[in-house]
Amino acid sequence: MQDFDLPRRLVAEGLGTLLLVATVVGSGIMAETLTKDVALALLGNTLPTGAILVVLITVLGPISGAHFNPAVTLVFMFRGALRPPHAAQYVVAQVLGGILGAVVAHAMFGLPLMEFSSKARTGFPQWLAEAVAAFGLVATILGGLRFREAAVPWLVGLYITAAYWFTASTSFANPAVAIARSFTNTFSGIRPQDLPGFIVAEMFGAFVALAVMTWLLRGAEPKAEAIR
Amino acid sequence: MQDFDLPRRLVAEGLGTLLLVATVVGSGIMAETLTKDVALALLGNTLPTGAILVVLITVLGPISGAHFNPAVTLVFMFRGALRPPHAAQYVVAQVLGGILGAVVAHAMFGLPLMEFSSKARTGFPQWLAEAVAAFGLVATILGGLRFREAAVPWLVGLYITAAYWFTASTSFANPAVAIARSFTNTFSGIRPQDLPGFIVAEMFGAFVALAVMTWLLRGAEPKAEAIR
Amino acid sequence: MQDFDLPRRLVAEGLGTLLLVATVVGSGIMAETLTKDVALALLGNTLPTGAILVVLITVLGPISGAHFNPAVTLVFMFRGALRPPHAAQYVVAQVLGGILGAVVAHAMFGLPLMEFSSKARTGFPQWLAEAVAAFGLVATILGGLRFREAAVPWLVGLYITAAYWFTASTSFANPAVAIARSFTNTFSGIRPQDLPGFIVAEMFGAFVALAVMTWLLRGAEPKAEAIR
Amino acid sequence: MQDFDLPRRLVAEGLGTLLLVATVVGSGIMAETLTKDVALALLGNTLPTGAILVVLITVLGPISGAHFNPAVTLVFMFRGALRPPHAAQYVVAQVLGGILGAVVAHAMFGLPLMEFSSKARTGFPQWLAEAVAAFGLVATILGGLRFREAAVPWLVGLYITAAYWFTASTSFANPAVAIARSFTNTFSGIRPQDLPGFIVAEMFGAFVALAVMTWLLRGAEPKAEAIR
């Protein structure tokens, strides 16, 4: 990762979040246009999102780490893998990329380029769901990096595939994506006023995962580090 | 596996079973809420379960073995991989984790935290289905460990994806998960009084698989053990 | 493969074909019971079949080669990988295992253990579809073995996932499975009188693939054999 | 790749594109025949296409590079991996193979072997969608080849699975496949008069991806080339 200069890393974060949000929003529009069955629409939203995550993390991960997610970036900053000023720029790239992704999705489907969502997503169950979703995402990443780094793109794609369905909030688990989704009044949207609750819950879940997994994974050293 | 101390291994078993049951129960609630087509609901239950199994076994397997299943734990105990007192603690962690998983799923969907299922799942065909399901699961694990250990998370996820559909019982194949599912009166529930039949059938299938696979795999030694 | 004695190899072929047919027939019963949408039922039949193929070929392949299919066995016999008397016993194990798989599926779903299908599958388009299906299957296996042996279980599972939909016959592509499917009067059945057309078409497609791929793959030697 | 002579490479391109188009067109016919829900039909079109891409690229990639796509072939020609006369022959093989694939699909489903599509796919949003689709495809291929060559078949299959849903055009992203799809008046067709707009958009997206990824990936050399 250190082999790529900061501009490239920021472009990778921005481009990846753009394509991720374009997939989430675009497939949501496609799905709700084609069917009245909401479970089927959610399936048409889930599979593309899971699939594109595997692709984006594989292809952009070696450049920037492929966070596409401020919660993940902050976790890595706390672990010392990223300096605070770089982390801040990562977050800006993610948020801007995400919003641009919603715009691109709208343009492809001939919708107004920006609109505010009117979809209510609030209340304790939703916040708990987001905390669980982000907990699971960060636990998946930290555990995957520890034991099977090459599988991380797959693990994240599969985790989100599952979390779309088992969390009541369909697992945003990502503040940058949540912000971007407030700019679309389609299947995958969220009202701007509901963003703070989601973002706080996601950050909470991410840092609980950091604490739990730091303890859990400290049980033994990986073989490569066995000699101390 | 021996590199992690017992508390961490038990937490891994409990946390893994918690997230597994939260996925099974949560995605079942999501699915039956969104559609009236039961096949589609089952699909919305199947895909997340298969996906999360790949994730959980990859991430927690190196810590505890990622059994999440008393039938699997007993099979490994009989093979000498786990001492009986440890196996007993594994089972307790799995059952408690599983029940907590149902509670978490209910909380995320704003349902009463605990409720008893009223869904009848009994009779010889159901028991046969559970025996077949557990047979296949244990055969998959033992064969996978023998020939392609790194693929075991995928094999278990794919096996359960298939077994949800080809067994008439939708393949519980796991006494801890079955117990946890008796505490939810939603899509994936099972009446408490139907648990004994399921658990006996699962144990029967698991031990038939142990016997059959022990014979079948004894045909040759893996290359790493070729010199004796 | 040669490391396992013939009885174990035959049991592996029989058990694998049993579980394959139990999956095909069982998931078909489950699917048509749960929905009236035939595309959804086909999806509920496709995903389990693709998934179980990855599992069965990974777990049983090192024992017997995991043919589960007389057309595949004959192709390997013609390539010299299997002696004719062994091939004959493979085919017997496959056919018996397959029929037993249909019986097990029926028992799990509380249906009469055996019944003849009344589902017509005949005519030139269907035969062409079976020839194409078997051509693709054998081409997948031969190309996979040549270039990426470890991926063959995945390649076969994915190929059949695709072929269920792009061939008009839903891709039986397997004489043993076809025979077994004549013993179920459910979603996945085929009338006994339609078997000869299917089997001839499958054999034709398989041997066309053997010819084409033998020519196509002869272009270069794999690196391991680069020194001549 | 250079190990295989040109005839074999051209046959691999033609056969691969044939099977790809047979899958796209055939699964589209199957899907629209079986259901009235268009989202479900699209799902029945998406999964087989993604699955067969993994298979075809794995099995034929080592022979010809498995482009199956004139836009990809031109990108590789511009990168110097393919000489112009060879590239031209690749394109001819792809177009002929693709058309033959539509014919085979029609024959399997008992339809007239060739027919012109009457399905309108035109206008700026559709062209933008095709440009995005081809951008993403080429970016996936170039990034995949750079960082994880063995995963390219999977990355392409997963990318197309996502792009079917997030692009408004269902992601043709391939001039040869687009031409072939103008010869079928079924689910996956496109009016002949709409081809030029699609092809121009695809080429535009492909070359934007070439430019962006060439810059993005120049940040560092892969470890194998670290010593200069």
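Order of writing sets the labels: A, B, C and D. Residues in every chain begin at 1.
By definition in this document, a contact is a pair of C-beta atoms (placed from the backbone, for glycine too) under 8 Å apart; a residue touches a chain by one contact, two chains touch by 3 or more.
The structure presented is a predicted model; accordingly, all values stated were derived computationally and were not measured.
Contacts with chain A and chain D are shared by no chain at all.
In this entry, chain A maps onto chain B through a rotation of 90 degrees when their C-alpha atoms are superposed, rounded to the nearest 5.
At the interface between chain C and chain D, under half of the residue numbers involved are used by both copies, so each side presents largely different positions. In terms of their C-alpha centroids, the spacing between chain C and chain D amounts to 28 Å. Chain B and chain D have CA centres that are 39 Å apart.
Across the assembly, chain A contributes residues 37, 40, 43 that each touch 2 or more other chains.
Chain contacts in this assembly form a single closed ring in which each chain touches exactly two others. Those residues of chain B that touch chain C in the complex are listed here as 37-40, 42-43, 46, 50, 123-125, 128-129, 132, 136, 139-140, 143-144, 146-148, 151, 154-155, 158-159, 161-169, 212, 215-217, 219-221. Residues 3-5, 8, 11-12, 15, 19, 22-27, 29-31, 34-35, 37, 40-41, 43-45, 47-49, 51-52, 54-55, 58-63, 104-105, 107-110, 150, 157 of chain B are the ones touching chain A in the complex.
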